[in-house]
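Please find the structures below.
You will see chain A twice below: alongside chain B first, and alongside chain C after that.
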Partner chain A sequence: MELLQYTIRKLLAGIPLILGVTFVSFLLMVYFGPDQTYQLIGKNPTPEQIAEVRAQLGYDKPFVVRYADYLRELGTLDFGFSDSTGEKVSVLLGRTIPVSLALITPGFILGNLVALMLALIAAHHRSGWVDKMIMGLSVVGMSISFLIVVIAFQIVFSSSYGLGLFPVRGWNVHSPGDYFAYVAVPTMATVFVALGYNTRFYRSVIVEELTRDHVRTARAFGVPPARLLYRNVLKNCMIPIITRIVFSIPLIVISGALIIETYFGIPGVGKVTFEAITSGDQPVLKAVVGLTALLFVLAQLVTDILYRAVDPRVSLK
Partner chain B sequence: MVPGYHRRPMPAAALWPRRPPAARACAVAALAWLLLASGCGRDTSSSGPPAEVPTAASMKIYRHGLDQGPSSLDPAQSANIYANHVAINAYDTLFSYQYLARPYQLKPNLAAGWPEISADLLEYTIHIKQGVHFVDDPAFPDGIGRELTAEDFVYSIKRHFDPATRAQGAWLWQGRIAGLEEWKAAGADHAKEAEGLVALDRYTIRIRLTQPYPQLLDTLTQGYSAIVPREAVAYYGREFAVHPVGSGPFRVVSYDTARIVMDRNPKYRQEPVDIWEEGYDPATQGEFGLERIQGRSPPFIDRLEIHFINESSARWNSFAKGDEVQYVTVPNEQLDRVLATRDPVTFRQEISDRYFGYAGLEAGFVFMAFNLSYPEFGYNPDPERERRNKALRCAIIKAFDWPARNESFYGGIGAVFPGIIVPVVPEFDPDMSRESVTRDVGGARRLLGDNGWNAENLPVLTYGTTATVLNRLMYEQFRAWLKEIGYPPEKVVLKPYATFGDISRAWKESELPWVSKGWGLDYPDAENTLQLFYGPNGSPGSNDANYKNPEYDALFRQAKVMLPSPERTAIYQRLNQMVIDDCVAVTGVTRTRVHLWHKNVIALPDREIVGGFFLKYVDVADVPNGGER
Partner chain C sequence: MSGEPLLRVTDLVVEFSTEQGVVRAVDRVSFEVRPNETLGIVGESGCGKTVTGLAIMGLIPSPPGRIAAGSITFQGRELAGLPESEMRAIRGRDIAMVFQEPMTALNPVFTVGNQMIDVLRRYRGLTRRQARPAAIELLAKVGIPAADQRIDEYPHQLSGGMRQRVVIAMALSCDPKLIVADEPTTALDVTTQAQVLEQIVKLQQEFQMAMILVTHDLGVVAETCHRAIVMYCGRIAEKAEIEPLFAHPRHPYTVGLLGSIPRVGEGEKQDLAVIPGIVPDLLHLPPGCRFADRCSSRQARCDEALPELDGGEDSRSRVACYFPY
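Take a look at the complex of A and B:
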């Protein structure tokens, strides 16, 4: 009951956030976003034809009316049809979000698990050569542009100039083997970059925990290092770790991984979002922005509930 | 090679063996995950499998690589070559271009023959082939595609004038085919006739023009004129743009941002190819194995995949991999790897050993124009200032270094030419003076000095462009050239635009004094580039320069109703000279495209004019059955 009340309270509290995000985003879309008119008219248009297209796009309506339409669409989750492709936005997102999820999830999980492991090892050997090596590699991962990593990994693992082990691009998944083949290099690239950021973050959280009195006491009692790290350190670090992980999820679901999808020819939501931004496809953008805001509210809720799960001292009141 | 990379049928037992409950739960989760991963392609074939579907192993598949994808599959929105690649292969057009003839030559396609044309050139009677059917689709009663009729063509053209369609092709026929604007003004009711566009019977179309239109048949090759069934438009509504229902050589199976998959249309009419009638030239095309398709009926492949690969490195890697895309337009950064010499273009031995290839000029050009509606550079109420403005424009043109631009940005293999008649059209004059594309810094300085221009009084030139690194480099190069003639760099100001749509708006609303753009020909006739400077086409039309020369306009009007002839060519060339003499544009370069394709592909790839009309004739050699169908 307490949980249900808390959930309802949090969801209601999220409404102003959603309104704020959607209002600011819509303002930017309308006044600073690309104008689709000239991409949708033919050559040698007359002023009447331009006006016709603008009316079809709804550009001739007052801002307030357009924003009210947006809120109605958000409420009904019916965003109409893409201005560019004509496809129903819900179908478009329903088709592309699962692909992005399937693409990103392995890298997301591995990137966090491996980083957590490395961070524990580095923290345990703080200031030693193992720590310095792991942190050095993290800096390398953070310093190299993701774009360069993607191109380099594609050449090394996929192209005929490298090992040629995996497809260069595409997403023709019909079996576990296909899935593995298409997701392997994107996952490696994602993990390579994610490890840098995640390991550094997790290490600093763990190192801080290692200085606590209860850890010193546990050590004095002769708790073995592995158990100490797992039971006394990791569990107590879960709050910042959960925060980081859960708040990354909405971005993965909605934004996808634009660079990966573009270079590896994967029809996910990242590319759809990017094309909607650059072309000014407002129905798609409105859906993406609205759903992202909604997911952040949900992420906040889930995070709070997980806080309680890992630390019973946290009150849901 | 990773096991399972190539699609193979998997026995059900292998997917679902006996396992304890926990393992089974994991297996269920894995299967669900796989379904999630694979359920991505937008399956547009909703009428069940065709009668004869080859297995994946024996399928002849051709994978084509393109640098962009279409945003819509509705022929009414096929505004670029990418959309046309799909439109003219999923749908039928009345006319087409011969597969192999260069320069491009028209031929009847769905039309049963050449049209009967009245003596005054105003009435075209076109008979269409009988027994042509649309593909099976739920849009039709019982899901069976019905016969295509003349009424379908009439409906398809009228859609461009129906505001509900959001069509982009009306400009081809507005003011040309009688009664279409009136039909639109009367409410665009498809039950009502438009005077100039009627189906006389089931297989006969009559088009009545307001004035002779020599390019009419060219317009009927384009995706815009592709014939759609009314039932499908009604059935799918807005989503017709992602559910093509045509009668072309292929039917769309799935489509997303990364690729489109099209299977052979089993109902496509049997019409054996005569390569000689298609313009086959053994001297230049003999090495490509095109004789192999002689006497056979296209399409020759079971599946056509067009992959949309924006990034040139990914495009090249996929092509070079060997088992992915089989065709690529070579990106500039790979030219060193591919070419042995650039003038003439020859391939390195290792490239010739692995691939077929040729280099051809694009049907279009890149140019820059002054927006003459700006009194600082163009027309001015003060005749003296207007005269000085012209001198200023001429000086800037003299400062422009076309060979350097070609070397820096077009791989050094583009064709620099004077004026606006591009090299691929028959009206091009190769002997024209090249003065307007020859750099003359001294002459430019003299012109400025003689006409009272100096660093203080030169106007600010706002250089609008989309915000890309390449465009920024082009701007810096241009600014450096102007500096050499005494134009202060701080007076050449960059104005970046986030997207092409944004800069298009700026051009159409005449917000920039300098227009830098490329133009792809809609049809192989110089009229298509000459209209870029026709006065009535001023902003928001295609005359972004807002050039208004009564003599030019009168001559253009005279020429545009003339059939191809030496007289018309002479007028075209006079128009071309006027644009040069009035220093309206810095023009131009036609890029050379280097095409490469795998040696098992029997084709002569081409992406110009309509784009993708060769795909119907592509064959692939190395399949188990020997490639014969």
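Take a look at the complex of A and C:
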């Protein structure tokens, strides 16, 4: 009951955020974004033809009306049809979002799990050579550009110059085997890049927690060091770790997907968003922006509820 | 006082490396604790009393700290330099520690019972189901009312006094022979202090334990200890049995400490006596007596060399001063 009330209150509190984000994005889209008019029209158009196309696209209506339309679309989750392809936006997203999720999820989970394990190992051996080695490699991982990683991995794992194990590009998935083949290299690249940042962050959180008094108490009662880490300390560290993980989800779904999908030629929501931005396909952009804001509000809600689960001192009030 | 000592600390030196240089927090400290005896370690903040306690537990944070010299023998076994894995078997089981900060000494995200059961399972080899009633019994023993309900609460739901009792119950759970209590009542309010202290003394007798009570409160020492050492700047200033220590304090520092306890209702209202000056910086210690700067009996000889403890092992009162009272 407490949880339900809290959820409703949080969602209501998220409305101003969604309004703000959509308003600013829509303002930029309308006044500074690319215009579809001249892409849809032939050469040497008459003013009448231009006016006709603009009326079709809805560009002739006043801003306030168009924003109100946007909010109504957001409320009903019906964003109409793409200006570029004429496909229904909901169908387009329904087709591409699952592809992106399937593409990103393994890398996201592995990137965090492996980083957490490395961070625990580094914290356990803090200021020893194991720690220094892991931290050093993290910096190396952080310093290499994602593009270089993608290209290098494609050459090493996918091309005929390298191992030639996986397809270089595309997404022709009909079986779990296909899925593995297409997702393997993008996953390795994502993990490689995420690992450095995540490991450093998690290690610092864990090492900080290790200086606390309750850790000394645990040691005074003979808790072995490994057990101390994974049982006593890990749960204490969960609040910053959860925050980081959950809040990175909306970012990864949009921007992370965008880069990977472009380089691996995968028809996911990132690629769709990229094309919509360059061509000024407003119905698609409106949908993506609105859904991202919604995702942030949900992420906030989920983190707060998870806080309560790991720390009894947090109250949902 | 007779009997073989349970714990013998000989010429213990603990050093910390800092950016400014090496700090000697404990400098050639020797004492012993006999079975069932309570030894007080008194001194102001930074005098090395807590570090001495931590050194016995093998809990000196390292780096930057280390036991640079000296020996700590417990039941005839050398603890200084013992590998961490062997030290761990002694900690909690033979020597338990009660910490100064009841607010932070327990892990906030686990219930009291969870933390106690963990200790009981490790030391007594109980199953989770057996450990629970044992934990409730211990909590009741340290004076926690409704222990069967309190056991499922989190530390933040308990008061400071209750939390300290929980830590004491944890310390008792493995039936240790020695308890190192580092300012166990300092963070508590006065009425709670008295209750907790009384409880500790009662349990100490019941469980037949020796105790090292680290405190800056001379009142606590007078009430609970058999013998006490007074520390100043990492050195022992005076080491004595309780009656002579309070009846005839000999080191000017001890005299100063006793003089700075406020007394109520003794004649005219007067200003509280204080020891003038401040504690010297441990990085820049004078070659002579470390208390000389603040001492009223100071003479030329005090600045030449460090005074050592006088008398033999058996004397009831020993002092490190050239001109004791």
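Brief remarks on what is shown
Everything below uses one rule, namely that the second predicted complex is superposed on the first by the 312 of 317 C-alpha atoms of A that agree within 3 Å, B and C clash if a C-alpha of one lies under 4 Å from a C-alpha of the other, contacts with A are read in each partner's own complex, and residues count from 1 in each chain.
Everything that follows uses one rule, which is that a residue touches a chain if its C-beta (ideal position, glycine included) is under 8 Å from a C-beta of that chain, and two chains touch if they have at least 3 such contacts.
Note that this is a predicted model, so its numbers are computed, not measured.
Clash-free side-by-side placement of chain B and chain C is the outcome of superposition onto chain A. Once chain A of one complex is fitted onto chain A of the other, the partner contacts of A:271 are limited to chain B, with no touch recorded for chain C. Of the two partner chains, chain B is the only one touched by A:87; chain C is not. Residue contacts after overlaying the shared chain place A:145 against neither chain B nor chain C.
With both structures placed on the common chain, the touch criterion links A:179 to chain B but leaves chain C unconnected.
Draw one line from the C-alpha centre of chain A to that of chain B and another to that of chain C; the angle between them is 160°, to the nearest 10.
In the superposed model, A:43 makes contact with chain B only, not with chain C.
With both structures placed on the common chain, the touch criterion links A:165 to chain B but leaves chain C unconnected. Touched residues of chain A were counted for both chain B and chain C, and B has more of them.
In the superposition on chain A, contact of A:53 is made with chain B only, not with chain C. Applying the stated contact rule after C-alpha superposition, one finds that A:5 touches neither chain B nor chain C. Nowhere in the superposition do the C-alpha atoms of chain B and chain C come closer than 27 Å. Residues 34-47, 49-50, 52-53, 56, 81, 84-88, 91, 95-96, 98-99, 101-103, 151, 154-155, 158-161, 164-181, 183-184, 261-268, 271-272, 275, 278-280 of chain A are the ones that touch chain B when the two sit in their complex. On chain B, the positions that touch chain A within their shared complex are 1-5, 7-8, 10, 30, 33-34, 36-42, 71-72, 74, 77, 79, 163, 166-172, 238-242, 256-259, 307-311, 313-314, 317-318, 320-322, 324, 498-502, 504-505, 508, 522, 531, 537, 540-542. Residues 57, 59, 63, 84, 88-89, 91-93, 96-97, 99, 101, 104-110, 118-119, 122-123, 154, 156, 167, 170, 174 of chain C are the ones touching chain A in the complex.
Partner chain C is touched in their complex by these residues of chain A: 127, 212-214, 216-225, 232, 235-236, 310-313.
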